[in-house]
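Next come two complexes, and both contain chain A; in the first it sits with chain B, in the second with chain C.
Up next, the complex of A and B:
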């Protein structure tokens, strides 16, 4: 414990993202953290970018035509995937916090992450074909 | 208090933890509807300004979007504060973060609501 306390904040932060020697639960914890940071960044960027809607059709349609390409669609798919992973993993965490499903939390995590990947794939196929 | 996702951390408080859990659940529900409507119900996924303005004329949509902005901003900032608490910051730093995140959160929600009403007004001609 004292070893952890002596580490710098940066070292402690980097430990979140180190998947080595982590249990499946810890990987769930790390995924929750990474997706949380990504989604928070996206949320505020999304709010900022949408101000173009208030500027009228020329500004917004021009912006949409700029981002309507496979690179931006790929990042949108990443956001959708992060949203499903964070949301479904969050449900597991909330259930576990209330003492529900603690014994089967590993199985639950694998199942929910599997569902997140499948649903994200469905969205990806749809988004790349529209 | 141990460093875990389960239950409130030290300095987080049971109420903040509870609000984070409830807003998280509400974001999941509204965001799922938001994604389904934007990508599968709306023709071609709201890909023009006219589509978005028309979409916002349904009174359910602005109400849903106001809820989404409020719940998502609250959940994200309380969650980000929780991540910062894991770094064991000083009490003074936590105080700064509390004020900063409150200002950012209120600002983001007010801006989001203003934007929603601005989009609605484009369709009513006011």
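Up next, the complex of A and C:
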């Protein structure tokens, strides 16, 4: 309302990431925003990687060998985790928006985030061991 | 009440006019079964008569005493001190977020009341009753024959708007209480309420944080109502699409101000 309209768009947006004194619902809200930003950033990086392919196979192979190290693998695990968290949480929100499972949305959030963490861990183990 | 006494420090948000915001500490001996509002009133009565805050009924009916207690939105008249601190502890009291601050702990609720009026939740006073032709009021889906149902569940305390992350970033967003009011009023038969609910600052602005439901002291469950209102809006749009209804559009942005 009025007090909000006097603030800059940046300070308004930063309030989305303040979990203090909020319930677990807010954690789901914040995670959805962070993962969305991360996946958007990844999309641009992905386009950059595809751009390397246009430079020829040698350049692409050279780029792939450069990123084949544990640091990049860690970031790939983060992408997978963000994908699962954002996707599963998005399903919960879509279901709620159609009136499905609203009363149990908090339990659904915990369950789906738990599944996202477990699946991401499985992916992490696979990606670091293969 | 118990005979136990706790020593508690009330850290009260203060700001008057152009002065910089700050906190004043007040050490009180309290009964832990007293309510936070009792402490605030005692500060006003015996320590600082310049403290500004809102209160009225003392039994969670008027919705005037909504504040943030240790960061969380609470109706202070029903929040026992025992639930928010311990002996020797601190209770930080702040005004509600997302409203214009008037002074200290008092905020301007005018925007909320105006928007409630826009969605068919009209003020219960003689002036409004005269200004508003009851016989011309479009009947909602579930309240035919009822003149005024405002405040029948939502006490308009504003806690949900203070807790809502979308209200924190979008001042034009109608807010959980107003959309819950629109849900109670019903969207069929009232074009303005339908248009407001279906606007970009209506039900579609909600991002399902459900903080409104978490803090609501009256169990109105605004989150669920917003979701159900979405379903109703979609159903109404489909009905209009297939019935060929061409409803007159209202200036939604102006109406939501």
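In this text, the second predicted complex is superposed on the first by the 129 of 130 C-alpha atoms of A that agree within 3 Å, B and C clash if a C-alpha of one lies under 4 Å from a C-alpha of the other, contacts with A are read in each partner's own complex, and residues count from 1 in each chain.
One rule holds for everything that comes next: a contact is a pair of C-beta atoms (placed from the backbone, for glycine too) under 8 Å apart; a residue touches a chain by one contact, two chains touch by 3 or more.
As the structure is a prediction and not an experimental result, all values here were calculated from the model.
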First (chain B), second (chain C), both or neither touched by A:12: both
Residue contacts on chain A - larger count, chain B or chain C: B
Which of chain B and chain C A:29 touches, first, second, both or neither: both
First, second, both or neither for A:37, with chain B first and chain C second: first
First (chain B), second (chain C), both or neither touched by A:54: first
Chain B versus chain C as contact partner of A:106, first or second or both or neither: second
Which superposed partner A:123 touches (first chain B, second chain C, both, neither): first
Overlap of the chain B and chain C footprints on chain A, listed as residue numbers: 5, 12-13, 16, 29, 32, 93, 96-97
Chain A to chain B touching residues, read off their complex: 5, 9, 12-13, 16, 29, 32-33, 36-37, 39-40, 43-44, 47, 50-51, 53-54, 56-57, 60-61, 64, 68, 80, 83, 87, 90-91, 93-94, 96-97, 123, 126-127, 130
Residues on chain C engaged by chain A in the complex (per definition of touch): 68, 70-72, 98-101, 108, 111-112, 161, 163, 165, 167-171, 175, 207-211, 213-214, 223-224, 227-228, 230-231
Chain A residues within the chain C interface of the complex: 1-5, 12-13, 15-16, 20-23, 25-26, 28-29, 32, 93, 96-99, 102-103, 105-106
Residue ranges of chain B in contact with chain A within the complex: 4-7, 21, 24-25, 27-28, 31-32, 35, 39-40, 44-45, 47-50, 52, 69, 72-73, 76-77, 79-80, 83, 86-89, 108, 111-112, 115, 118-119, 122
